[in-house]
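Read the structure below first, then the notes.
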Amino acid sequence: MIEVGQTYDFFGKVNLIDDSTYESYPVNVTTENNETVIVRVKQSKKVELNKIYFFNTKAIEFKDKIHLEASNFTPIEDTDIEDENREKLMKFFYEYAPINIVDIKKDIEVAIGQIKNKVIKDISDKIYQRFQKDFYLYPAASKFHHAYISGLAYHTHSMLRLSEGFMAVYPFLNRDLMVSGIILHDICKIFEFTSYENSEYTIKGKLIGHISMGVNLIHEVAKDLGYEESEEVMLLEHILISHHYYGNFGSPKKPNIAEALMIHFIDNIDSKACVLGEELDLVNKGELTKSMPVLDRERYYKHHLTNE
Amino acid sequence: MIEVGQTYDFFGKVNLIDDSTYESYPVNVTTENNETVIVRVKQSKKVELNKIYFFNTKAIEFKDKIHLEASNFTPIEDTDIEDENREKLMKFFYEYAPINIVDIKKDIEVAIGQIKNKVIKDISDKIYQRFQKDFYLYPAASKFHHAYISGLAYHTHSMLRLSEGFMAVYPFLNRDLMVSGIILHDICKIFEFTSYENSEYTIKGKLIGHISMGVNLIHEVAKDLGYEESEEVMLLEHILISHHYYGNFGSPKKPNIAEALMIHFIDNIDSKACVLGEELDLVNKGELTKSMPVLDRERYYKHHLTNE
Amino acid sequence: MIEVGQTYDFFGKVNLIDDSTYESYPVNVTTENNETVIVRVKQSKKVELNKIYFFNTKAIEFKDKIHLEASNFTPIEDTDIEDENREKLMKFFYEYAPINIVDIKKDIEVAIGQIKNKVIKDISDKIYQRFQKDFYLYPAASKFHHAYISGLAYHTHSMLRLSEGFMAVYPFLNRDLMVSGIILHDICKIFEFTSYENSEYTIKGKLIGHISMGVNLIHEVAKDLGYEESEEVMLLEHILISHHYYGNFGSPKKPNIAEALMIHFIDNIDSKACVLGEELDLVNKGELTKSMPVLDRERYYKHHLTNE
Amino acid sequence: MIEVGQTYDFFGKVNLIDDSTYESYPVNVTTENNETVIVRVKQSKKVELNKIYFFNTKAIEFKDKIHLEASNFTPIEDTDIEDENREKLMKFFYEYAPINIVDIKKDIEVAIGQIKNKVIKDISDKIYQRFQKDFYLYPAASKFHHAYISGLAYHTHSMLRLSEGFMAVYPFLNRDLMVSGIILHDICKIFEFTSYENSEYTIKGKLIGHISMGVNLIHEVAKDLGYEESEEVMLLEHILISHHYYGNFGSPKKPNIAEALMIHFIDNIDSKACVLGEELDLVNKGELTKSMPVLDRERYYKHHLTNE
Amino acid sequence: MIEVGQTYDFFGKVNLIDDSTYESYPVNVTTENNETVIVRVKQSKKVELNKIYFFNTKAIEFKDKIHLEASNFTPIEDTDIEDENREKLMKFFYEYAPINIVDIKKDIEVAIGQIKNKVIKDISDKIYQRFQKDFYLYPAASKFHHAYISGLAYHTHSMLRLSEGFMAVYPFLNRDLMVSGIILHDICKIFEFTSYENSEYTIKGKLIGHISMGVNLIHEVAKDLGYEESEEVMLLEHILISHHYYGNFGSPKKPNIAEALMIHFIDNIDSKACVLGEELDLVNKGELTKSMPVLDRERYYKHHLTNE
Amino acid sequence: MIEVGQTYDFFGKVNLIDDSTYESYPVNVTTENNETVIVRVKQSKKVELNKIYFFNTKAIEFKDKIHLEASNFTPIEDTDIEDENREKLMKFFYEYAPINIVDIKKDIEVAIGQIKNKVIKDISDKIYQRFQKDFYLYPAASKFHHAYISGLAYHTHSMLRLSEGFMAVYPFLNRDLMVSGIILHDICKIFEFTSYENSEYTIKGKLIGHISMGVNLIHEVAKDLGYEESEEVMLLEHILISHHYYGNFGSPKKPNIAEALMIHFIDNIDSKACVLGEELDLVNKGELTKSMPVLDRERYYKHHLTNE
């Protein structure tokens, strides 16, 4: 029960923005309590569709209806809410990776912390620090796989886990290159999409792409740190360049170091296994999934065996 | 020093077989002590080129030279020598997988032992029991990868190890199908080659191939055990049929269950990583390997980083 | 005119099955006289959609309407109706190959009878005897070509006819392999579809496929007859394996004997010529057919020339 | 025994032509009796390497040796020798199709004679009459298949035989188009090679090719006969244009009439079956042929079964 | 204001043709003044949909309405209207190339006039004279590029302009072959479409195609002029044959002379650049065009830079 | 005639370097007068094979022979010789582009000078200034096309010339992007090869490639100049990224702006036309060139027509 004159502060997601000739315009908002309210925003201020804000409002009467007049609103990324709560809100409002970001973040930071090679460590650290907020928000793709909030971090984390087995069986793989390569390989996806909630391609994403943007980023950071001529920089750039393997998937070079090859394999497997697992969850035993584009449009059979 | 009249019993590999009009013919043999001797074999008995035998001989004088007259000879597979010693001899005489067969055998048998599903367990057991001797002798391919004695077991073992990580990250994978599928996927390679020492293709290998022979084998064993109509049999057959993924690599069906897809990935990765590791071992840091057919004829760079 | 109390026995095809809370449920049936009647079937018994049954019924009054109460019903395959009559009924109720099954059957049995090689003859006979009923009912494909009742037998028969010319021109072809290979090449299509009336793929059809099932079948029959090690069995299996030629059409091996190559050609030609003939029949001279998927989506021109 | 002053008239093939400063130059010739003689030819006249001539000669003494001075010599195509004898000589001197040209010619002329459609008959007749001498001499290809004297006629004849079965099974095929299309499809191969004995490509063969030359030829003859606008001409041209089916095999259009499709199949089959039969003849039962380029570089197995 | 009894003469395009049982039938016509009128045409005469005619009419009253009775009508191609006016009318009634035909015609005739080689000049002249009316009317394709009235001439003209630069940079190109090859390369497109206003494929277009028809045309004209055996004819035919480069785009031969290669490049570039320019015109700076089939379905970005 | 005690200063190219235990080692040098001399170099100094130096020497007697003892030597790039003379020397010692570098340089600098857009001008200028020495020395490829000294500048210059015609016919092309894109598109080839005289690939060339290095270079220079966020930088980077068009030729993105597409066409044409022109020069009229890898291994015919 909203009462006129009372203040109401809450997180809410913008569903619809209407025009108005009044000095404020009405915005349809879903609140964190799953209620739908009309918030009035001053003409001089802009909210964006599909985004979550923390709204400070006061209930007013407006043409026989009760509206909430916003005195202030802040995008969720700019509030100082705790990670755990933010994740809870994100999961409520958006399609979200089926993971616990707090745990994943811990794992990823441990992995970076264990890099021994100074060049690789410094570059990885600097890039991670600069972009970590977006890194935990963006999807890994606009469709096909991990196409939801935090998909990028989820995908990166699965790849790190999978890489453990590879490093155990193939001792010729360098651990630092594997870890850093996995963390950086898709990081410029955050520039490929217009925003994390709305994964449309930017012009720069279309014309340059995350692979070349990633190489530019490593080149620039290496230059700042004075590592421009080191072999490590060349190797990291090579891993980024070659991780799609095939030219017609966007890699201008095929892998030519063992780590690049293995990161390609792991990336490819996780992008497919993730989708496969999700689709198998949607059908009953004895049935076929729907046709999956990332798996050559094949339908997979869910058999009756279990691990119990 | 060989003395006429003395008996000499030893393992040796046949290098050359000469014709003779005498009642015995001379055979050039390398002994387990790395000596080259001439063994005379009765016309009525046949030795085969390239094979290892246990020879019982007596030194005789023959046309002014000392030859060893064979009273008996037994192929090494038919002697009751211990596994460890046999392996030592094999490694001495042949190009051999860089592994310890005793350890690998233990691991593989543990894996079979842990299969819980009765149908899968019975079929896997029966096939393994029937062919285990050859399973530990044959190569995995005539060239390209694991193309040496025991290559098949070495490859199978690496795949089992690698599959552990996959099962940890992707809980929808059924452990029994994974283990049995890996062990059986290439087992009919033992019929594709004329012998383990001499990996030429048989006519049956060329006309039918290990994939269809493998399906026939599972079908036959399942029928004997009364499991013909079970889903498990269909799934195992499907794993064999689809493990090369692409039709032009010999798979009449693409994978349509999760385990088949993952076994394909693991098989593909190990066949490439094994070659890559071996070729990197042959070059110095800062150099390129030679062009590798299994890796799209690419040459790989051996960088200067290490895990120390 | 149906009269209450009279009995009516007839063949009919099930069009629609309704639920009911009574002890019998109503089934919409088209009779062999092309009338639509309501048959009531006891809850304890199941009829299947789309199938033809011989119904023994008595007319009753049910809620002011006249229904036919079924005392008994038998699937047409299990009645002892003569071939000729069954064919007439099938052609009435279903889309059906444009052939006379009685004649075709005679030709096919003559061909099997003329096989001289004992191994090939025994295997062909045994498989034919076991599956002949379905062999004359199933389609050859679920779409694309010969996709109607008896399509498999029609296709097989055309291939046998076409093969005569090949054997005349190319004397190196073995007649027994050609005949047996043609008859067996697609026989496991009867397991690829859920039923002859309803050509949906079974899970086994999707995961294993008629090629590998066919090889398993020959392997199993050869084993039963003690022919397992004969060259003939290997050759027949090879013909099945390779008859699609290309891996991406499901053949794990390319043809490597002359007969396999020729059966591939004949199979391919008949699957296309049959569709082409049917589509040309549907258009006027001077027109183009519709685009045909089996013919690279091309449209063919029907010219004005005739053989008169 | 050649005697000076005697005349010697004989067929012979030129093996070697030497320079000379005398008024005649020496030519090394193999005679129809398989002797090697030196024929002296006047400087003003030219013989060509590899060709057969009828030589009129007289034995002379030349620098202590006996040479045969040619008073006259005539290319075998210009002598009025009977077909049968010419064929015997050709077979003696060249690699030659394994056929009897007299019989084949009879068959081909019967086929042309049975064409009923006047347009097709007139065009076929006129082209056949104009080029029949070369038609029976040229090979069908410079390598790959039918690459020997009379290969073109041999190939055409086999295609006509094979087409009989097709026309029996598929009644929608027009017999006149089939016969004429087969006879004309490769006829301009006679312009693709520099001569029948020496199958090198002409510049025109390389730049225009037998397909476009064939279309030009039909166009030109049709124009001469006043048939330019008839459907028959368009259909014959279309058959020529499309008989290789695929653009990358030289066909600018895919078949779009039934007869064109079937002629493509028959052409393709005969070009492969002919090579396959010849290679199988060269190996023993139980062996593999050598790898054959026209058969995707596959080796074929010669099994032990026969038609006896 | 149309008055009964008055005569009205005008150009008009036929939009709709109705049946009638009267002795004349009503035709819906758009006039050159953009009015819609009903013209009545005698049953014995036929107008064609979509075509432009010059109508001589008299206004009559017909069942209470005013219709225009046609005493005569002439297709625009058969009137002796001046080029400039005809073009104005065509542009009014049809989608039309964005060019001035008068200028283009002048340029093309100058180019033909400058050909020095007599064989090439005579052939080009004769073909141009014979078909020039249609040459300036037909489109260059039925869709994809230059798919509007006069598209063929527009495309040819752009190619001539572009070729200038090529000839300047690569002096090994023969100017006469370039000019004639460009003018003739697509000329038989006029036979590929049923009419210039209505670019549907003719049967001959589908079965033979403009490439083979073009070769036939050159062959025929060369024969008439006695140039049949000249190298020039072979070269021109080769340019036509090879100008699509790839077999699967309709060229039975790849280019094998420099001019053929360059004409292929120029043809390919202009067919793409024309579409690209037209699509860029349709969007604003900062936007993407729609996906273009001739450009691998890519969307292009219109940037903000200009040449001012 | 070399006299002991005299000094000799000259340019020479190192052909062979021998070991020696003396304090100087002997080097086989070809001088600018085409004489072969032995120059002795101090052990502490290194000359490189295949390079040109300016040698300051004095003739000495060494073990009964006359050697030239080097007091000093300078690589030709570090001498202050005039462009024209350096070019003359280069052409004498190396395989060299068939051009006049002085003229080409003038043209290229004029083109850069005419760039109007400040961002594009500043970036182009800065890169050109930094690398111009190497730009005029390196080849454009290690084989295939322009594979000789100055090949890169030659290729760039031809592309600029060819682009003029494109800009005239297609007014939607931006002149500044065209010029700058052409000059920069291959500039990082100077890092792909170990040296200009010896076009072997560097590891960085193999692992990163000139395309990604080029993008990095533009990114870095743009950053230094403060242009990082401008559209122009994105467009230039896109041109570099996409100029090979196809992924399997090294382009991670297809062209998506008109200028990128046209630069791709021009690059492709010049790389082929250059080779074609060179090969046509090597054969007589009426002959075929050798098979050319850049032209799909085709052989081209040199016809008899000329432009005179």
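Labels for the chains are A, B, C, D, E and F, by order of writing; each one numbers its residues from 1.
Assume a contact is a pair of C-beta atoms (placed from the backbone, for glycine too) under 8 Å apart; a residue touches a chain by one contact, two chains touch by 3 or more.
Computed from a predicted model, the values in this text were never measured in an experiment.
Note on connectivity: the fewest chain-to-chain touch steps from subunit A to subunit F number 1.
The chains that touch subunit B as well as subunit E are A, C, D, F.
If you take subunit B and subunit D together, the chains in touch with both are C, F. Note on A-F: across the candidates B-F, B-D or D-E, the interface recurring with over half of the contact pairs conserved by residue number is D-E.
Subunit C and subunit D, compared by their mean Cα positions, are separated by 46 Å. Note: centroid distance subunit A to subunit E, computed from Cα atoms, is 53 Å.
Residue positions of subunit A with contacts to 2 or more other chains are 203, 206-207, 235, 256-257, 288, 301. Chain contacts in this assembly follow no simple pattern; the graph is neither a line, a ring, a star nor complete.
Touching pairs of chains, sorted by label, consist of A-B, A-C, A-E, A-F, B-C, B-D, B-F, C-D, C-E, D-E, D-F, E-F. Within the complex formed with subunit B, the residues of subunit F that make contact are 203, 206-207. Residue ranges on subunit F touching subunit D, taken from their complex, read 286, 288, 301. Within the complex, the subunit B residues that touch subunit A are 117, 158, 161-162, 164-166, 168-172, 174-177, 231-232, 235, 254-258, 261-262, 265, 269-270, 272-273, 276-277, 280-281, 288, 295-296, 298-301, 303-307.
Subunit F meets subunit A in the complex at residues 203-204, 206-209, 211-212, 215-216, 219-220, 223, 234-235, 237-238, 241, 246-253, 256-257.
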